[in-house]
Structures are given as C-alpha cells and as structure tokens.
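Have a look at these structures, which come just after this line.
There are two complexes below, and they share chain A, which is joined by chain B in the first and by chain C in the second.
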Partner chain A sequence: MSGTVRQEGSYAIVCLGGEIDLHSSPEARKLILGCLQEGKPTLVDLSGVAYIDSSGVASLVEGFQLARQRQLDFGLVGVSPAALNVLKLARLDKVFPIYASVQEGVASAK
Partner chain B sequence: MTGERWTVVQVPAQAERLHALRNLVREQVTAYGFTPACVDNLVLAVNEACMNVIQHGYRGEAGLLELGVSAGVHGIEFRIRDHAPAVTLDDWRPRDLNELRPGGLGVHFIRQIMDEVVYLPTPDGAGNLLSMKKYRSGQETTA
Partner chain C sequence: MTERGTLANLKPTDLPAPPQEAIGIVRACARSDITSKRLAEIVTHSAVLTAELLRIVNSAFFGFRAKATSAAHAVTLLGQRALRNLALCVAMRDALRPDAIPGLDMSMYWEQALRRAVAARCLSRVTRLNSEDCFTAGLLQDFGLLVMLYIDQDRASEWRRLAEADPDERYALEQSLFQTTHDHVGAALAAAWELPPELRQVMAGHHSLRDTDTAETLELCTLAQCADWMAAVFSAADKRPVIRRCQQLLHAHFGLTPEQGNDLLEEVAQGLSAAGAAMGMSVGAQITLADVLREANLQLVEDNLSYQELTWRLEQALAERDRIAAELNRELELAREVQRSLMPRDSDGDSNARAGIHGVNTSARELSGDFYDYFPTRNGQIHFCIADVAGKGMNAALLMAKVSSLFRCLAKNVADPAALLAMLNREIVETSVRGMFVTMIGGRYDPQTGQVWLANAGHLPALYLPDMGPVQEIPADAPPLGVLAEAQFVTQELNLNAGVLYFYTDGLIEARLPSGEELGIAGLKELLRKHAGVPASLRARRLLEAVRDAEIHDDLTLLMIDSHARF
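So, the complex of A and B:
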C-alpha cells in the first residue's frame, strides 16, 4: 500500500493506493486518524486503490466516526471501482460522502 | 461438487501472507471462468476467512493456515484449515449493517458472496476446517 498526506487549503488529503488489507490497514488508519486528530477536515483519495478488505473499510469507518465527533468534514474522493464494490457490499456507499475529485470534495463540504 | 483435484498451499498465519493467498485464489477462479466482478468478490471472501483465522483464531499467536482450492463441474470450493481453538458458525457475529461501527464486516462479506459455508470435521478432531462453495451459474461465469 502507498499512503501520502498533502494539504489543500485547510483540508488534509490522504491519498491511499495499492492494496489495503490486514497488513497495511494500520498504516492507513494512522494516516487518516492522524489528520483528524490534528483538527483537519479530511478527504481520503481512493482512486489508486486496487484492493480493500474489511480491515481497510474499518479504518474509513473509524475516520468517519472521529470526524463526526469532532465536527470535521470527512469524505472519500475518486473511489476506484474495486473500492466502490466493497463499499457497496458493506452498504457504506450511501453513508460516506463520495466526491469525484478533491476540488469537488472541498467545494461541496464548504 | 468439486473434481477432487486440490491446489493446496500452507503458510504461516500472518497478515503479510494474505497477498500471496489472494493471488492464488485470483489465478484459480479466473482460470475457472468466473466473471471479473465475481473473481473480485471471491478473492475478498477467501481473504476475509483467512483474516478471521489470523485475527480471531490464532489471535496473533504463531500457527499455520492451509488453503485448498478445487474446481469442478458445478462450482468451486475453498477449504481453510487451521489449528486454532475450534469454532462454529454460531461464533460468527456479523454486524447489523444499519449499525455504523468498524468491525464485523468480514463475516457479512463471506455470507453475501459464497453460496455455502460450513465447518467440516477435521481429520484429528482438532482445529478447524472451513468449507466455502461458490456454484457455477450463467451470470457469474463467462465459460
């Protein structure tokens, strides 16, 4: 899995790529929760995700819950077909705010 | 239902081994002729079952996990053997999908994707032998 964080205005953009599984999801979780713990509204870019399992989805749910507690914007961006399939199986595709691009996410959340 | 010819791999029950197990499943189910969407789902379901063994079976302790795949006329069967404390399907607790919390999704994925899930008796009466079957149907296979 690859994971980077960049800043876009006040937003943290967590860009995840490759395979997010039990081995790599702790790193994804750390990146997502780290941004939110710093008080930053956060968008998670899943456009490069080739595979995600329930442990990866759990990291996204944790992020969503922490953002809600802290009243911070949180959403997913450019969700890859592989990731979207798993979110649909979990019936989470209607729960997470999903945006086509970072720009759309930042604009919609404001 | 299967052709009795099994492809079997045994690995340490560790998270870093899941990638190789997924590759094996992907190769087998793709060769069998399942559609790409069905291949992705079967890879996910087997991954989740192996994850259960690593996380909840061995609970981080060292142990072995054996994955077998057998394809036949009517479908494909996956068997996962471990030597962790015995469990039953009653121990599987899928979460209510209306309840938003991080865990419990793996079991839901397995039940949603597979046609049949059962624990078989183990040869020596110890550990677990999980059997998961996916039947061949016109919609899910291209062959």
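So, the complex of A and C:
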C-alpha cells in the first residue's frame, strides 16, 4: 500500500493506493485519524486502490465515525472500481459521502 | 608543525644529511671496476667504520667462517655486496644521532627495525634471495617513519601508539597523524641519498606491492612485507589477529604451514639479541614466542567466553519465545473451542436438519471473524443468522462472540429481523472500537410454509436457487452493523416454494480457482447449480471441499435453507 497526505486549502487529502489489507490497514488508519485529530476536514482519495478488504474498510469507517463526532467533513474521492464494488456490496456507498474528485469534494462539502 | 618544514611538501633540504663515509663505501661498491684493495683503503679511512665492520664480520650472528683481523681481510671475507649492505646499515643507523628527536628513545625504533631485519633474514632461507640483502631491506624498510618523526617532532609522543599498532594500523595512523606515510618519505630519502635501486624500491613498495624492475625485487618487497608482520607478532598490542594475518601471508606468498611459520617466529625471537650485538644496537628484554601465543590464547579464551555468554543468552531468549508461543497457542485453542461452541453443530437428524437448515464453517486461522447460528422458536419457526466481522484475529473473534450472544438473546423476544438488526446495530455502534463493523443477515424461517423473513445489513447477497428459473439475489439494503447508529433496516420476505436459499461469507467468493481467478458470485452460482443434486445434509460440506483445493486465505462459512426437507 502507498499512503500520502497533502493539504488542499483547509482540507487534508489522504491518498491511498495499492492493496489495503490486514497488514497495511493500520498505516491507512494512522494517516486518516492523524488528519482528523489535527482538526482538519479530510478527504480520502481511493483512485489508486487495487484491493481493499474489510479491515481497510474499517479504517474508513473509523475515520467517518471520528469525523462525525468532531463535526468535521469526511468523504471519499475518486473511488476506484475495485473499492467501489466492495463499498456497494456492503451498502456503504450510501454511508460515505463519495465525490468524483478532490475539487468536487471540497466544493460540495462546503 | 616544526620549523623543519612540512611532510606534505617534502624538500631534500628537510631530510637529514647522509653520513658521508658510509655512503662513500656504498657508492664505491656500486662501481664495477673497484678492487678489494681500493675498498679496503676507503674503509680504513674511517677508524669508526673499520671497527664496526670488524665487529659485524666477527659476530656470532653473521657467522663468517674465519675471523677478520683487518679491514682488508674483512673486505675479502664479505665481498662487495655484503660490504655494501653492512656499510648501508651502519650509515642509516648513524644518520640520526640518538638525541636527534627529543622525547623519542631512538633505540626503541631500532629494536623494532632490527626485529624486521632478523625476520627478513630468517625468511630469506625459503627464497633464492641473498640473506644479507634481506637483512638490510628489513632493517631499513621503515626508515621513513624515523624521518617523519625527525621532521615533525611534535609527534614523538605518538611513538607508543605507532609501535603497538600492526603494520596496517600503523600505516593508517601515520596517514592521520602526518598526512603522509613512511613509504613515501622513505622513497624521497632513498632518492635523495642515491641508495641502491632495489633498496629504494623496497622502501617505497613494501606496503603496496607494485611493479618493480625485476621479479627478484618484487620478491624482496613481498618478503619485507611479511617480515613486517612477523615482527609485529612480538610488538603489536593485539597479537591474535596479527598471528593469523602473519600465517596467511606466509602461506600465500611462501607456501609455509602455520607450524613452519611458528618455527621462523621462534627463530626471530631467539636471534634478536645476537643481531643486536652484531649491529651494536641495544636490545631490551624479549618475550618468547611461547609468551606471545599464551597471550593470544588468553585473548581467544576471553573472546570465546563472551561468545558463550552470547549463545547462552540467545538460547534463553529462544526458550522464552517458545514458552510464550506455546502459552499463546493454548489460549488460542481454548478461545477457538469457545468460538466453536457458539455455532450449532451440524448433526444430521436433529430437528434443524430435518427442517432443511445446514451450516458449515472452516477457519483459515485459529480464530474466525465469521459465524452463523440457527435455533428454533417456540412456534416451530427457526431463527437464523450469518455474519462476518471486519478484520481477523482476537479482536474480530471477541466482537463475533458479542454479536452472536446478542443475536441469540434478542431473537427470543424480537420477531422482526429488521427490528432485531436495528437493536444489534445500536449496541455495536455504542461500543464501537477501531471502526470494526459486522455484516449480517438475520432472519426467520417457517418450515411449515416455506416463508422467510430476513434483513441484510451490508452482507453479501443471499442466493435463492429455485428448482425452476433463474437464481435470485437478495442484496444488502442497509449498511453493516456498527457503522451508523441511525441506519434503517428493512425486512424482506420471500417464499421458498421449491428451492434452496444460500448464505455465505467473502472467504467463499474470494477462494481462488485452480486457474488463479477468484470464484466470485457468478462462479458461486455455477458451483451451487452443479451441486444441486447432492443430498442437503452433505451439500454444504461438499461445496466447501470444492473450493478447499484452492489455497484458503480466509474463513469459509456457508449456511443453507433447503425447502425440500418440508416434503
């Protein structure tokens, strides 16, 4: 898995790529929670994700729950077909705000 | 830096002046037309040199057959080459007065040089080289160091460190102290003093064996290098690596065994004081080779002791690790046992089996995040559920235990699957840890009518295979439990007229086929069709066995309700 964080205005953009599984999901979790704990609205870019398992989805869920608790914007952007399929099967596509791009995410969230 | 000049930019005037009388003899010996008579006349000019030569020639160390009584006799006995060599040795020895370098006892330097000379002479026996040439090379090869200390006198206090270093260490130490090394300075001096060519090459090349004029000179350089290491066996602070290196060099260059090498070293130790007497050099108390080896062995024993200590600690750490691993395995096995007890045993002939409900679970690890359950209600209906906890391992297993207990408990009072899942959901959200969620299908089945009520919270679609007609998917219509407190769940209703309803977890559809592809939902449908004829009581296990050939990465769970059992 690859994971980077960048800043876009007030938003933190966590960009995840590759395979997010039992081994790599703790790293994804750390990146996402780190941004939210700093009080930043956060968008997670999943455009480069080839595979995500339930532990990876749990990291997104935890981010989603923490954001709600702290009343911060949280959403997923550019969700890859592989990741979208997993989210759709579990009806999580109805839970996470999902945007086509970072620009759209920042604009819609406001 | 001293007023004498800098070593980095060495000028001939910085060097000590050559002792003219001895150098005169060296130059005379180089002439092809010189006669012994003329040489004797030159030697006789210097009373000091005459006395020196007579002492050397008559010494036990050099062991000439006859005793010389005059300069002329000595010249005849020695021959031109040996005369030149001995004159050189005396010249160099006297080039610097004993007090030329304040703070340095010159005799300590010469004792080391003499040890190299004796070693070189001993070693010459296994070569075709002239023994006096070798002695001279050994004595003078490191003369550059003395010149360096003479020019940079502030460094005289470093003598002990230099003396106790092995040849490689000493070379590196020189570089850091003087920014140059004794072979470079030695070469400059040899050129300035017009020393014989082979000696110049030895002084310049005994550390980095390079191209020389002749094979013989190269052999002399190699021998000088070995002699340096042989001498270091007695002088280095850390003797064990020096002995090993010495043995390696003697074997590599001269084919000597360690025993032959030790014999030579013994000879060096014993020959040193005789050589000192011959050369008029004072030699301090010497340690024998036996002392050296004993000291080296003591170091070896010390090293071995610390090695044994290390081994012992490693063994302890490994034993501790094994003990903890065994304990953990026992704990895991107990946990697995409890977990198995949470799932119904699929024994043929019980009331559930008669009702057509079968389930099977195999775990890829000790603990599973999957589970299924079914049990009868008071009115003859059956509650069932299948669930998959996100993640794996102990935390998933603990959440699974909680969810399965809650399901059993709540189902006794809450008939509607959607209402039941909503209650479960709120419980899990309240105590949510690390975003862990549970996908679940919970429902009720009436074996009398074939009616099924179920709710799907984020779980993979249930598959209904009617005897006639296409497979029907019942997908999730709500998110998994534990994500959203306010999630809405919907009870779906269907009637199993004649067919089988299947529930499964992702381990099954992610199982790899021999082709390397994932089974997938489409592949599962095909597999279910293929096994439709297998008796219901065996089918669940057969289906798992069909994908078991493939490598299992996950837990596999399958639950089925077969309406045919009603008939």
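A few points about this structure:
Here is the rule we go by: the second predicted complex is superposed on the first by the 110 of 110 C-alpha atoms of A that agree within 3 Å, B and C clash if a C-alpha of one lies under 4 Å from a C-alpha of the other, contacts with A are read in each partner's own complex, and residues count from 1 in each chain.
One rule holds for everything that comes next: a contact is a pair of C-beta atoms (placed from the backbone, for glycine too) under 8 Å apart; a residue touches a chain by one contact, two chains touch by 3 or more.
In this text the structure is predicted, and so the values were computed from the model without any measurement.
In this superposed model built on chain A, chain B and chain C take up the same space, so to speak, and clash. In the superposition on chain A, A:85 contacts chain B only, with no contact to chain C.
In the superposition on chain A, A:51 makes contact with chain B only, not with chain C. By the touch criterion defined above, A:94 lies against chain C but remains apart from chain B after alignment on the C-alpha atoms of chain A.
Look at A:104: by the touch rule set out above, it reaches neither chain B nor chain C.
Once the two complexes are overlaid on the shared chain, A:64 sits against chain B and chain C alike.
By the document's definition of touching, both partners, chain B and chain C, reach A:22.
When both complexes are overlaid on chain A, the residue A:73 reaches neither chain B nor chain C. Comparing the two complexes, residues 22, 54-55, 57-59, 61-62, 64-65, 89-91, 95 of chain A contact chain B in one case and chain C in the other.
Residue ranges of chain A in contact with chain B, taken from their complex: 19, 21-23, 51, 53-55, 57-59, 61-62, 64-65, 82, 85-86, 89-91, 95. Within the complex formed with chain A, the residues of chain B that make contact are 15-16, 18-19, 22, 37, 40-41, 43-44, 47-48, 51, 54-55, 97, 100-103, 105-106, 108-109, 112-113.
Residue ranges of chain C in contact with chain A, taken from their complex: 369, 388-392, 432, 434-437, 439, 458-461, 475-480, 482-484, 487, 506. Chain A meets chain C in the complex at residues 22, 25, 29, 54-55, 57-65, 89-92, 94-95.
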